[in-house]
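The two complexes that follow have chain A in common; it is paired with chain B in the first and with chain C in the second.
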Partner chain A sequence: MHHVVLERWSRGRSIIHRRDPRAKLATLLVFLVVLATAHHNLVWLSLALLAFLSAAVIAAGLPLAGVLARAGIVLPFSAVFAAVSWLAGDPGRAVALLLKSYLSALAVLVAVSTTPLPALIRGLEMTGAPRFLLMVAQFLYRYLFVISEEAQHMTKAAASRGATARSLAGSRSRFRAAAGALAVLFARSYGRAEDIHRAMLARGFEGSFRTLGALDFRGSDACFAALASLLLILTRVAIERAG
Partner chain B sequence: MPPLVEVRNLRFRYDDGTPALNGVDFRLEAGESVALLGANGSGKTTFVLHLNGLLTGQGSVEVCGLPVDKPNLAAIRNKVGLVFQDSESQLFMPTVLEDVAFGLLNRGMNAHEASERAKAALDTVGMAAAAARAPYHLSAGEKKRVAIAGVLTMEPEILVLDEPTTFLDPPGQRALAELLCHLPQAKILVTHDIPFAHAMCTRAVFFENGIIAAAGPVEEIVTRFGWEFALERRKLSR
Partner chain C sequence: MHIPDGFLATPVWATLDAAALPATGLIVRRAQREFEEARIPLLGVMGAFVFAAQMINFPVGIGTSGHLVGGALLAFTLGPAAASVVMAAILTIQALVFQDGGILALGPNVVNMAIAGVMAGYLPFYLWGGGRWRKLSIFAGGTLSVLVSAILALAELLISGVKMPGAVLGVSLALFVVSGLLEGGITLAVIQALESIQPGFIRKPAAGRSFALGAVSVGAVLLAAVGVLFASAAPDGIERLGRETGIAAHARTLLATPLSGYQVTFLHSTFLHSSWAGKAGAGLAGLALIYIACLAIGRAVARHRSV
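Moving on to the complex of A and B:
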């Protein structure tokens, strides 16, 4: 059984968890726009936004260090572009790339960690996001772990017959064998998808997903979204003017 | 009284040309539990996929008097509850409750009623406490129970279970047998588990090369095809 950290985090009962997903999505959108369009005093603005996100993480009862570390997953990707900008003689852009990518990832992580996936998908659906994309996201989340488990089983089977990462890298024929294993994994995933489709048809699926229950957007959710958005905008205005 | 399932001369060939069914005749009466036995690749699973129109071959398949064709598919899928071998593929929704309610919502039932019915079905299979859990957090036995709840909510007249004891440990198999014994539906069990078939079914049919080679009481069929060692092994272990 897999230990799904995000799934566990998202099932909390804090004041942040209890907010309607649409309120969190609206606030997230404002956050991203405020951050993406900022150019002056970016370091100070980033520090302020980091403080807000950290406060949200603490209010949600999530481990701050764990969340901050997990958001760092984007850094290897953005660091490549930052390095290119740096080498091209634009260190300011390089720093901005790193700050913006990290804070964006952190904000998304906070939203995802405080909203169970079914509610998040429903919230996105009710805000007009394409249903087909949401269905793909839902299935990806559901079966990512199953596919990863199948990959682990194949890795163990290979290791039990003497394969190691070094031996695979050292020989073209072995590398070809590893590529073949990937193809098998793809074929298994395809087979799994066919089985799932059959199971859906067997229970009357006709092309559109229907889900249980509707979300309840309350006055407190509207207040949360309005106040948080206002705070973000005012913070940016104040920091830019101070600069 | 007409049979629940009547199949006449069913033939099916996969897209790659492999013949899977070569003229199957089969009847299922109300209240019956029938085991489908036979070697791997003999056509058992292919056969049951025809019972609610997931595959379509040549010949005639009727369920509760309705021919299995496109206009009747929705009605037939309400009457035939199919539990797949690998529950992992059958439980695709984010939570157990949503998965069990999936078929009811597809039928057009409102969310509140679907939710109540799904909770009742989970209660029947002893999984009410797992309603809010994600399916991948469940054990194999629990997944099988939830998959059965998902088809029970549809109130089918026929339950079709493909290799129901696969992935289950002995206590899980025993719990499943007890659960199935209490369900009133007619049942078709595709299985290699001879003791389970013997305990659950009133008769068996034996598939061989895409046809039903024999039908009769389970013990007689397994003896005739040399599969009695599975029953004897169980007696020895006692």
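Moving on to the complex of A and C:
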């Protein structure tokens, strides 16, 4: 599964992995803005940014081909819009859509696969994003696997009782069966959430997570963020001047 | 429909990000008031439920199947503010972990799906959920939530300059309507199944609101969505309409003073030299004016009714 691979990648010890999450988030934002606001010489800029990201992937010790392929997740969606733009007589925009969406997804993927998600969310928390929302997101990620597994068990059980056999049941009754399954999943998730809540209260939860080991933003992190951002901005300026 | 990065023009994503930040803060505060902080696990686990729910397929006629989107269902069970928070958390995790939707486009996606979608989905239930029209209101809520967020996303793409031939636009609108109706059907079926398991899950809206008031507000939401779409597909259409019908002559004198031609002139002359910043500022100022006007009318109507 997608996120299992990400979990494995993000536990590395390379020079990129060891940077503070806030430094990586700042660099990611600069990258995304530099790319999103570019209009001239987009192909050359994209090649330069691709080289930048590839260097980061290699420095992080991740499989380059694997990362490049995984970022391709966005391509089917962008390809549809690129095709529509092309048909409408705007081939320049079609190319821009594909390049920009792919490179943005790749940049996010590089940031996420060199930072464990809890650390990334703690980094976000310190930048002033609503803490409540981030805690909900963290819980969501934690129970994603648990609830998804439960849903898979339920679909398997339903299939083994003949739910997919078209001849046995009409479309209407299969629809109602699926709705019933979802309702059961909802009730079970709700019950599980209440159990978790009680267990957390019993262990002294008072409304916020306590973490072991604080993040510290060192000089090397500041250097990394500053140098990488400067490199990105200068690359863009140089390419636009040349064009 | 998750918009990836690179699709929206800079003024569009920047404006919507700027709008999404305080809106999310407000909704989070509201959800915190309804759910004390210690119930965070519930919201997180329900977010995971929405993810998992997409694995359960609903048969739709000829060999195809659809799945739940979930905004309206969450609003009917957890309340609109908490549902918005859960949807925003889902969008954040999707953007970070699954590369489904962009980071710069997170603001637009949150506005479309977590805020506008959930609000539009909750509206019919809020108005008629307690009375005779309960089933219909649940169905309409599911339909509206998907329809409004899809239309907003499409409008944002069109404003950003993504060109679409008329036929493509028609087909995608038809698809939106179909997926909206499907969401309505699934939401209604799941709510009915839930009620037979454990009726306490579904919120109870106040009964006995006037049908006319409700119809007007739902109609306003639909009109606004369709209007946004047409305005973005043909930005000059409204001005042409005005010229042809002769409204323009009157409208100009009325409207030109504060926001002439969507440009805030006094701001423009001082520090907002780029034209898009002026336009975005004028647009936001216009929205704020409309919002304040609606608020004032709402207050006046409420006072009138209570006397």
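Here is the rule we go by: the second predicted complex is superposed on the first by the 220 of 243 C-alpha atoms of A that agree within 3 Å, B and C clash if a C-alpha of one lies under 4 Å from a C-alpha of the other, contacts with A are read in each partner's own complex, and residues count from 1 in each chain.
Keep in mind that, in the parts below, a residue touches a chain if its C-beta (ideal position, glycine included) is under 8 Å from a C-beta of that chain, and two chains touch if they have at least 3 such contacts.
Keep in mind that what you see is a predicted model, and the values were worked out from it rather than measured.
*Asks:* State whether chain B or chain C is in contact with more residues of chain A in the superposed arrangement.
*Replies:* C
*Asks:* Contacts for A:L234 in the overlay, against chain B (first) and chain C (second): which applies, first, second, both or neither?
*Replies:* neither
*Asks:* In the overlay, answer first, second, both or neither for which of chain B and chain C A:A157 touches.
*Replies:* neither
*Asks:* For A:T211, is the partner it touches chain B (first), chain C (second), both, or none of the two (neither)?
*Replies:* Only chain B; A:T211 stays clear of chain C.
*Asks:* Using the touch definition from the top, say if A:A202 reaches chain B (first), chain C (second), both or neither.
*Replies:* Only chain B is touched by A:A202; chain C is not.
*Asks:* Is A:A59 in contact with chain B, with chain C, with both, or with neither (first, second, both, neither)?
*Replies:* In the superposed model, A:A59 contacts neither chain B nor chain C.
*Asks:* Should A:S189 be classified as contacting the first partner (chain B), the second (chain C), both, or neither?
*Replies:* After superposition on chain A, A:S189 lies in contact with chain C alone.
*Asks:* Have a look at where A:P118 lands relative to chain B and chain C in the superposition and call it first, second, both or neither.
*Replies:* So A:P118 only meets chain B here.
*Asks:* Both chain B and chain C touch chain A; at which residues?
*Replies:* Of chain A, residues 2, 117, 138-139, 141-143, 146, 192, 196, 200-201, 205-206 contact chain B in one complex and chain C in the other.
*Asks:* So in the complex, the part of chain C that touches chain A is made up of which residues?
*Replies:* The contact residues of chain C facing chain A are 2, 4-7, 10, 13, 24-25, 28, 31-32, 37-49, 51-53, 55-61, 68, 73, 77, 85-86, 88-90, 92-93, 95-100, 102-104, 157, 161-165, 168, 185-186, 189-190, 192-194, 196-198, 201.
*Asks:* In their shared complex, at which residues does chain B touch chain A?
*Replies:* Interface residues on chain B, with respect to chain A: 49, 52, 54, 74, 77-78, 80, 82, 84, 86, 88-90, 92-95, 97-98, 101-103, 105-107, 111, 114-115, 118, 134-137, 150-151, 154.
*Asks:* Under the definition above, what is the set of chain A residues touching chain C in their complex?
*Replies:* On the chain A side, the touching residues are 2-3, 6, 28-29, 32-33, 35-37, 70-71, 73-74, 77-78, 81, 84-85, 87-90, 93, 96-97, 99-101, 103-105, 108-109, 112, 117, 120, 130, 132-144, 146-148, 150-152, 154-155, 171, 174-176, 178-187, 189-190, 192-194, 196-197, 200-201, 205-208.
*Asks:* If you look only at chain A, which of its residues touch chain B in the complex?
*Replies:* 1-2, 4, 7, 116-118, 121, 138-139, 141-143, 145-146, 192, 195-196, 198-206, 210-214
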